[in-house]
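Labels run A, B, C and D following the written order; every chain starts at residue 1.
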Amino acid sequence: MLSIRNLSIDYQLPGAALSVLRDVSLDFPIGQVTAMIGESGSGKTTLTGAILGLLASNARVRGGQLLWKEENLLGQSPERLRKFRWREASVVFQAAQGAWNPTLTIGQQMLDTCVDHGFPQHQAKREELLRKVRLSPERVIQSYPHQLSGGMRQRALIALSLMLDPELLILDEPTTALDLITQSYIFDILAEIHQEGLTMILVTHDLAAVARLADRVAVLYAGTVVEVGTAQQIFEQPQHPYTQVLVRSCPDVHGGDVVRGAEGLPPDLRQRPPGCIFASRCPEVMEKCRTEVPALVNDVACWRRPV
Amino acid sequence: MRKRIALSLVTVWVALTFTFLLVRQMPGDVLHNLAIQILNTQGVTYQQAREMAKLQICYDPDEPIMSQYVHYLSNLAHGELGRSTTYRIPVVTILKSALPWTVFITFMAAGFSFVVGTTLGLWTAWRRGGWLEPALTLYATLTQAIPDFLLGVMLLLVFGVRLQWLPLRGAYGADTDPGLNFAFVASLLQHAILPVMAFSIPAIGSWALTAKASATSVLGEDYLLVARAKGLKPWRILRDYLGRNAMLPLISSLATSLGALLGGSMLIETLFGFPGLGYFLAQSIGTRDYPLMQGLFLLSTLAIVTGNLLAEILSRRLDPRSK
Amino acid sequence: MKRIGWAVLLAFILVALFGPGLIPLDGTPHYEERFAPMSWNHWLGTDYAGRDVWAQLVHGSRDILLIAFSTGAFAVLIALLVGVTSALAGGAVDALLVGCVDVFLTVPSFPLMAILSALFRVGDPITFGLLLALWSWPGLARSLRAQVQSMQHREFIEVARLMRMGNWHILWREIFPNLVPYLSLNFIMIARNAITASVGIMMLGLVPLRVENWGMMLNLAAFQSGALFLPQGKLYLLAPLTAIIAFQYSLILVAASIEEHFDPRLQRG
Amino acid sequence: MPPAYHGNPWAPGGVGVARSYVFEGMFDYIPEGQRLIPRLGERFEESKDGRTLTVHLHPQVRWHDGAPFTAADVEATFQIGFLAGIEIWHYLDHIEVVDDLTVVFHWKLLSPTNRLLALTEPIVSPAHLNEENMKFLRARSRVRRDLKAEGVRRELLFAERPAMPIGTGPFRMRKVNASDMVLEKFPEYYRADQVHLSGVRIARWGKNEVIWSYLYAGQLDAISPACPFDVAQEILRRNPTLSVRKPSDMNEMGLVINCRRAPLDKLEFRQAIAYGLDRDSIRKLACAPGDTSGGYSLGLVPSQAKEWLGEEFSAQLTHYDFNPERAKQLLQGQIPGRELEIMAPAGFTDLALLAEAAASQLTKLGVPSSVRLVQGELNAQLLQQGQFDIAAVFGAQMGPTVHPATSEGRFFSPDAVLQTAAGLPRNRRAEDWVTELRLSRDPQRARWLVQQLARAQNESVSFIPCFEKRLMVFVQDRPRVEGWPAADSPLWSAAPLGVERLYCDLIVQGLIRPAP
């Protein structure tokens, strides 16, 4: 469905170029939920922005391709990208409060995207979607965003994202700003949607969400993919040292051993260190790691792991 | 809402009393000068001359302030604003004849500069980079640095004198007679161009800057990102998402500024010989014509308070968040 | 771009501080040398009475700077005080303050200025600035109140309140940084109006007539001496005008840089 | 109809500038050569003892509404004028209508200027429109100045009148709007053949600089704005059809000194200032076309001084010419601790420039001084209460009858503006001289009186004249009209008595013709 080939993106800051994504290659098979996990600042949001062609004005694409059904989305005309957005791929953003236009009702904001894509304004679909996310259409359609609670706004966002039956749904930290009960509520909804065969990308640093929903998981660290695998693999036998640290640092509900985060700080992305990006913080670091960049070989990019 | 109206009525009353006292305390005693005049020509005692002068200017400053004030308020209740000391005719007639001119100029100028200014501001904020933004800042600085009295004379010199395109003075041609005929309306508009330009050149700059500031803060909001992600057409984003939210504070400040403008701008109206409220305010201050001055201040107070009230209502009506 | 703003402003401050000491201001009229063109002993030519324009600009700069800054400072201070307290306090205090703001907005400034001019004479620019500020703060107070009220709904204020941070903390750490861009824009507008308003006040006799005050120079050039109508008078007219424009442009650039410093969202290449 | 205009000739703002075109006096007075040009009156004679003045009126004169013009109209004008407080009633006892074309003035006080006051007063109140007013006035032969009469007077004078004033003048008011008054020629005017213009348009003028731009654009045929020397040169260069006439304005400008306040109370300090001021440079700045005062303060306008004082008289007075060394000598040890303040009314450009030039000269002389502009009303009050150091004011003014009595009266009469301002102890003898001068008809006696007054004023050094103001009258030949008299023509000396009245007089004498 969607595959990313050696994508590199920098942000042009006054006097320095921040290389946010370096040589990222990922495939998102049809019908599967692929999760992207990693610390904040690992380039997850930049990636979703790149997919939708919504990069900030000072982002520079250094190289690579973004293949959507064999069509390279990078460099497409703004009009083509505009048609692509929401009809073929849509997004559920994280900030619940700011995501809705305060001066328009929820109903209006759901219809205007249909109009601009040449779809008929079918109210029936709108009601059906709202019911799917367990919201009562009569109350929600007429009300303004500030009249709904955080959870309701988030669910309405999900309904909004499905208005044009997109083939790909990107979820950018859907549950972060919500309490646990609402979170699990939203997980059920997403799971239900997933059952209907919709391909989804879940961008989060909340491992519980990944465990609950994801089929495949890609671990990102400072702009590079360090490990890819099924949810099962990642949780049970994390290969890459960073993944191990990541999984271990998540408090186990059943009271596992004491939580230890990774030592040190994420590297300065202005001057990328040679060799493996995780070298400066890797417990099993060796000489080779500091000189050569490990390639992604059968889903792991680490010299320690046997070929 | 009723509380709000009650509050503004109280404000009008307080402002009224305050102006009443201020005007009475203004230095330069009109009565004294008139009395001296009578003294010289009539050869009567100073006290008698003062009495005569009092009759001439139809109000009595020697009367204790309180009774004058009560007297003034009761007159006001009947809509009687007294007679102008210089023009000898009721103040109400002067206000009635001057108000349409000021309203005509103010609404045209304010409307024109608001629309052009805000669109420019929004467009510059939308096209963040490029040459438009520094050009706008430069334009705004230049036009606002020049004091409006200087700008008026320059316009007069360039368009009126050198290019002879526009008439130099007055509200309409002397040869046309007021009425709904084409000649009058055409000359009215032709005469109005210069004052409106003198008025809106700096105003466009200031509206553009304010609109840009408000739009920039809105651009940072997430729903703009959602709007672009929804693949909406650019003009709809500009109109419904950026425009509607950026315009909220602007609409209410427009209402406030309209109120202030109704006081008439003394400079522009005196310069172009436009018989509006500002023109008569300048005249009445020059000749210490208290009743007329009082009437004009009252009108501008009412205008400002209604302007502010309108701003409150508008911002409440337009911004659902505060409903 | 922003650095030019700071540079120009610094230049103005330096000229205001050291200029008057270095360049003597000879006030006596030399009628024959009026409207002289640029020359070595008169860098910017002479005015309608043959007095050196450059020296007047330098001596005037001290007045203008002090008046502009003190008016702006006082106005912003009072507006901040009234606007924010009335927004935060709410209820009776709010109604009272709004009423008082409206009264200040509606009562015309002219009669009071005339009365003040009869009672006493203002000498130094600081009190002059306070006088001008008396009438420029209400507008700002109103919009500040609206800003702060709309800001109260923002989550980061609610979060701060949830964590029971003191009111003072909310005001200083949360609300104030967001207001700064707005305040800086208004500071310039008020400072600019102060320059033209200072001419009006001088015409009223509240302050002794300072020929070297830039606003007054412009007024004398445009009207009393008719330099606007004379080809040789153009220099005398343009000198104060460019000075005011340069001063104001530097203020705007400085304000823009303050704005960006406080508002990270605007930071970009 | 703009509220400023309401057609009542007696109320201010009533007829405005058009008054000099719509109404006429019996004669027009030209000060240079003391000529009286006949208008509504044909000829006049005075009795030997001077107690009566008989005027024979021009026949077949009609009011604009067709009614004939008779002596009754003259009586009506002066009777109603009595209520409005015109100056003539100070000397006039009563008016006698002999027949339709003859009217006799009976004086209760003789004075050299009575004749002018009677003959030049515009006739504005037709008898047939003011019957009920005249009935009221005749019923009370001697209208005493009591409050009841004052109440009636206010009704009478400020009542609404017909929108368009009815006069006997060469032009009739056709249309008025906010910026222009349009007058058309009165066809049955008794001198219609000499009036070559079909109409007059009067433009309402605002600020000086706006007038300058009208002159640039050639939109005005005649106007007398305040105008700096360079701007006048530029206007004449830019618009060659314009030319300038510079008649004396019959008044002078200078500095009145408040002799109550130290150090101004000391005579030497005032003399030092008189010596220290370079009047010529002040004149150049404030009113270039004016004539610099010759260092004497005579209470008279310099141009009239020779005529009334004789050639050699001023030699006997101390002459305060520009002499900085003498000034510095007098100033030893007298420098005031504080800054002197020179006050000027905000509305008058020339007075403000005068104050500013004087202040900078005094500062250079060693007496630090600054200028304070003050609103007109407040200026009069501060002058009267003596709350100032030095003030730029109008000095001697010859007034409508161009007689020294009015001018000296400004310095030496009980409530004279300049006397109260200077604050010197009242000079009783000088005040008697002024009252006597007002009435004396004997030229020798009058000359002696004026000489005494001049000496008293010059030695008091309470007023330092700087220059005699000259009007700058711009007139334009072509494209509309031509035929303006040359600069040296004596007619221009009537300008200070009312420039518009002079324009109308030139039209009626047939000098102004439409350009080809």
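In this section, contacts are C-beta pairs under 8 Å (C-beta built on N, C-alpha and C of every residue); 3 or more make two chains touch, one makes a residue touch a chain.
Note that the coordinates shown come from a computational prediction; the quantities given were computed from them, not determined experimentally.
Comparing each chain's Cα centroid with the centroid of every protein Cα atom identifies chain B as the most central.
Across A-B and B-D, it is B-D that has more C-beta pairs touching.
Spacing of subunit A relative to subunit C, judged by their CA centroids, is 50 angstrom.
Centres computed as Cα averages put subunit A at a distance of 90 Å from subunit D. Our note on geometry: subunit A versus subunit B, Cα centroid distance of 55 Å, whole angstroms. The mean-CA centres of subunit B and subunit D are about 38 angstrom from one another, to the nearest whole unit. With touch defined as above, residues shared between interfaces to two or more other chains in subunit A number as follows: 57, 146.
Residue numbers of subunit B whose C-beta contacts span two or more other chains: 26-28, 128, 153, 157, 319, 321. Each of residues 207, 209, 213, 216, 375, 378 in subunit D touches at least two other chains.
Looking at the complex, you find that subunit D touches subunit C at residues 207-209, 212-213, 216, 227-228, 230-231, 234-235, 281, 284-285, 341, 343, 346, 349, 352-353, 355-357, 360-361, 363-364, 370-375, 378. Against subunit B, the residues of subunit D that register as touching in their complex are 2-4, 6, 8, 11-14, 85-87, 89-90, 145, 147, 150-151, 154, 158, 160, 175, 177-180, 182, 201, 203-204, 206-207, 209-210, 213-214, 216-217, 219, 347, 375-381, 384, 415. By the touch rule above, subunit B contacts subunit D in their complex via residues 26-30, 32-33, 36-44, 48, 51-52, 55-56, 84, 86-89, 93-94, 97-98, 101, 153, 156-157, 160-161, 164, 168-172, 174, 177-178, 270-271, 273-275, 283, 286, 288.
On subunit C, the positions that touch subunit D within their shared complex are 26-29, 31, 34-35, 48-49, 51, 114, 117-118, 121, 202-205, 208-211, 222-226, 228-233.
Against subunit A, in their complex, subunit B makes its touches with residues 128-129, 221-223, 225-233, 236, 240-241, 244-245, 248, 318-321.
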